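Each of the next two complexes has chain A plus one more chain, namely chain B in the first and chain C in the second.
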Partner chain A sequence: MAYRSSFLLQIFANFLINTAEVLALFAMFYQFDSMGGWTLGEVALLHGMSMIAFSLGDMLTIGMDYVAPQIRSGEFDRVLTRPLSSWMNAVTSEINLRHLGQLIQGFLVLTFAFTQVNIDWSVTKVLMLIGAILTGVALFMALFTVEAIFSFWTVNGVEAINAFTYGGSDLAQFPMHVFGRTLRVLFIWIIPVAFVTYYPALYLLDKPDPLGMPGWFVLLGPVITAVFCGVVAWGWNQGIRHYRSTGS
Partner chain B sequence: MRMYYELAKRSFQQQFAYRAATLAGLFTNSVFGVMLSSVYLALYWDKPENASVGGFTAEQAVTYTWIGQALIMPVIFWGWWLIIDTIRSGAVVMDMLKPMDYFRYWLSRDLGRGAAQVITRGIPTLIIGSILFDLVWPESWQRWVAFLISVPFAVTVSFCLRFMFNLWGFWLLDHRGISSLVILVTGVFSGHLLPINWYPPAIRDFINVLPFRSMMMTPVEIWLGQVSIARGLAMQVFWSAVMIGCCYLVLHFAERKVVVQGG
Partner chain C sequence: MTMISVRDLRKTFPIKKHAGGFVGSLASLFRSEYEGEFEAVKGISFNIERGEMVGYIGPNGAGKSTTIKMLTGILVPTSGEATVAGMVPWETRKQLALKIGVVFGQRTQLWWDLALIESLELLKYMYRVPDDRFQHNLNTATELLGLEEFLRTPVRQLSLGQRMRGDLTAALLHDPEILYLDEPTIGLDIVAKAAIRDFLSELNRARQTTVLLTTHDLDDIEQLCPRIMVIDHGDVMYDGGLSDLKQRWGGRRQLIVDFASEPDVAISELTNGNLEVISIDGPRATIAFDRDSLSAPEVLSRAGAYGDIRDMSLQEPDIEDVIKRMYAGKIPAGV
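And then the complex of A and B:
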């Protein structure tokens, strides 16, 4: 807490940045009536869910940002000596609440969305909303871990993963059917961000899937996410093994 | 002058060393370009063909997103804190003692970097965009030339802004807080986040009297033919001059601050 004012400014600024994103959404709908057939409220629903899941996932895995510098400085050895699994140690080695601003913003946008769209609420829909956000948190935590995994081998080109972390959360803020086949396949089947916002939103809004998937398809979300997390966990362990085998 | 040219050349050459980073960056810019283009196109789904909204047809909007992605690295809209790093490490004192103008020292290096990144990042991004989408091209060779001239001015205005934000470091020493603020200011006010014309009139008119649109919106307008070449470039020259003046003013106070701290 050496830089208290800077810290508070950071949370405030983080809130502001995402205000810009929300401002852009409103400005788009100031000029246009719909996006791929969806209204402002419906797209705002996607925005809110994505922002909440992304900010929580990012906050919980902030330690992953420090793996690369820790490897370079030798600090990572110390992380490995602690009890708990290596991943837990790495994750808990740093705490940063910079994305608190985005989380607050996400809740505000979600609240706005609920005032705009008509959702026929039921117990299963509440569970769907919570489940979608939890799935999203897990998915983004895994994605931030991927970035750290690469740093066990290389420091070059790691920023390409930004296309999937920041890109993924941005993409999740818009209806999936506006994207072309390549992005759809990638973000439904491989990095399943479509299950964080789009498919749950279809269920909440009682909309049929314009892409023709049946209603139960949304339930595949946690399954594909679990597979993805499993692959990431395997990759993490390979990374740790590689790190040890280099003898450092 | 020769010295500043050499500095620019040196940092121009440096940029070609980071090949993996360049490829990774191109990949990221392209993914975002495809994503944003798809979103913008979806806004036009229920519009008649060739409908113009806020001055943009669907094709022009897509072109705008790709120019935006292409300019990210050359112009730099966020995350540039090299000067603050020197303030924290103390190297700033050595830089200031060098027998050259401190502002021009950094500006020439930044222009060299920008020129290199037009080649490594800007042009390849536009080529990828033109392969994947139908882009609108400048309608005359004069506009091509004008666009190419407008880019260094965009870099200059952006550099001045970054220079001033960095000099805050003399007082604040930490950039994490203001860095987010920079993203907001440059993102919205430069027109990088959304075409400025799409905002409600009150916001649009406010942004239009600020210098930041020179970083992105003016080059786009020159490209798309939304502004006359003379007017577009004149605005950029004007704002570059004003911003450079501001930089020297801030630098004047910052230098006194260094002396107060004992150098």
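And then the complex of A and C:
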């Protein structure tokens, strides 16, 4: 911790921003009793899971934020002279716990959700919760990598990808069936954030899927996520081969 | 044993030209004005044996760094072959990294916010360097490069010379068989340069480390490299000994003569086969001459016929000049 006060302020700011988000949720439920048939506690469960998965995924891939500037300055050379996989090396080149605030908040929201909803706990449900969060962490790590991959071609990062990272985590905070068909297809089959919160939550709450998918459907989550990660890994390797360095 | 083998290695970069100015920038969003290819390295070939120290020299933009980046696996060549320590660099980058050390003079390999010793310990872990080797290499570097006074200083606070010594130590922690140095002495003072050169010759002597070094500093080459390769515009123009190069093609020394007042313009008549009056600037005349057929006092006495000489200085031929002339075609290129 080379810059302690800066570090603490960053976490505090991050905590505040996310507090605003949680307050918005409460404000909404102050006006309406339910959202798509889900209570405040049930939606809070989605919020908590999404926030935990997103903040962990983001903190573990913070190095990806530095890929674009490193490519621009040529410092990415350093990553490629080390005996590690280039992705591991890029990821570990920077460590930043700025989203620790959000992680804490995620746990608070999740705890709140557990006091509001009745979950008939069992071993498989605990495993489901952990599995869902791990799937989410992997998925968000892959999404943050996508943004870095583009910078091998564009040199600057592509902000549009944020629509899928931040957008995906926001979307995962609400029951999937309230969204239109296009968004649902996108976030179930292409960027499978629905498997991070929505389907696991249905299982935890013993709810049937309003969209009509059978119970085992939730188990597809890790599979689709693995495919997604595989595609991202391939893209990363293409990016490395395309790397052009800079004059020195 | 051949450590580095390169066959017809080529690297081209696509280039896009943008029209200048705000409107041009906007236009370039939609289409590039001109697209073409820049051939940074044009099918070069060479071999380097184990334990050789080779100076790789040429002007800026000649393709030196591009070659080294291909030989470390950073860049994938457009075509051609290369093996380094028996491996194809861009295909087995990770395994190769354990066998090579890299120092880029303009950029540090260390972590900016960490103390030097912490950076070194991270690298020890990354390269899985055994404790005894780590201690041994750290001790050697500490002794020869004087590291102890800044071992606990964050890298961002180190002076350029200190940082370079740190970088060199870092690149050698894992006992690499090959060391690539890209302008290791750039911007350093004489003391730091000397320390680094001594360290490198000691390393080469004691461990038979193969060294490929790019530099603009002729002293680096003279003190370290029995063999040099000259590259320009992506082509190897000379590959051989330094003394050979200087003797055959770099034999022109320059005598700078300061007269008390402007010399007689007739001084330019001195120019003949082995002597050339390059410039006359006020009271100062610059005369280049062939070192084999003329001596400096001889040139000086001839110049003395055209005015009162106040002062003089002698410049040995420098490598940049040799390359410039080589490229201009005034002297035969090739080995």
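The criterion applied here is as follows: the second predicted complex is superposed on the first by the 237 of 248 C-alpha atoms of A that agree within 3 Å, B and C clash if a C-alpha of one lies under 4 Å from a C-alpha of the other, contacts with A are read in each partner's own complex, and residues count from 1 in each chain.
As a working rule, contacts are C-beta pairs under 8 Å (C-beta built on N, C-alpha and C of every residue); 3 or more make two chains touch, one makes a residue touch a chain.
Quick caveat, the model's predicted, so the values are computed rather than measured.
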Touching partner for A:Leu84 - first (chain B), second (chain C), both, neither: second
First, second, both or neither for A:Ala24, with chain B first and chain C second: first
Which superposed partner A:Thr39 touches (first chain B, second chain C, both, neither): neither
Chain B versus chain C as contact partner of A:Arg244, first or second or both or neither: second
Broader residue contact with chain A after superposition on the shared chain, chain B or chain C: B
Which superposed partner A:Ala13 touches (first chain B, second chain C, both, neither): first
First (chain B), second (chain C), both or neither touched by A:Gly74: second
Doubly contacted chain A residues - partners chain C and chain B: none
Chain A residues within the chain B interface of the complex: 3, 5-10, 13-14, 16-17, 19-21, 23-24, 27-28, 30-37, 98, 154, 156-160, 162-163, 167, 170-171, 174-175, 178-180, 182-183
Residues on chain A engaged by chain C in the complex (per definition of touch): 2, 74-75, 77-78, 80-86, 241, 243-245, 247-248
Residues of chain B touching chain A in the complex: 20-21, 23-25, 27-28, 31-32, 34-35, 38-39, 41-47, 53-54, 172-174, 176-181, 183-184, 187-188, 193-194, 198-200, 203
Chain A partner contacts - residues on chain C that touch it in the complex: 13, 61, 65-66, 69, 72-76, 90, 93-95, 97-98, 100, 102, 104, 106-107, 109, 113-114, 126-127, 154, 182-183
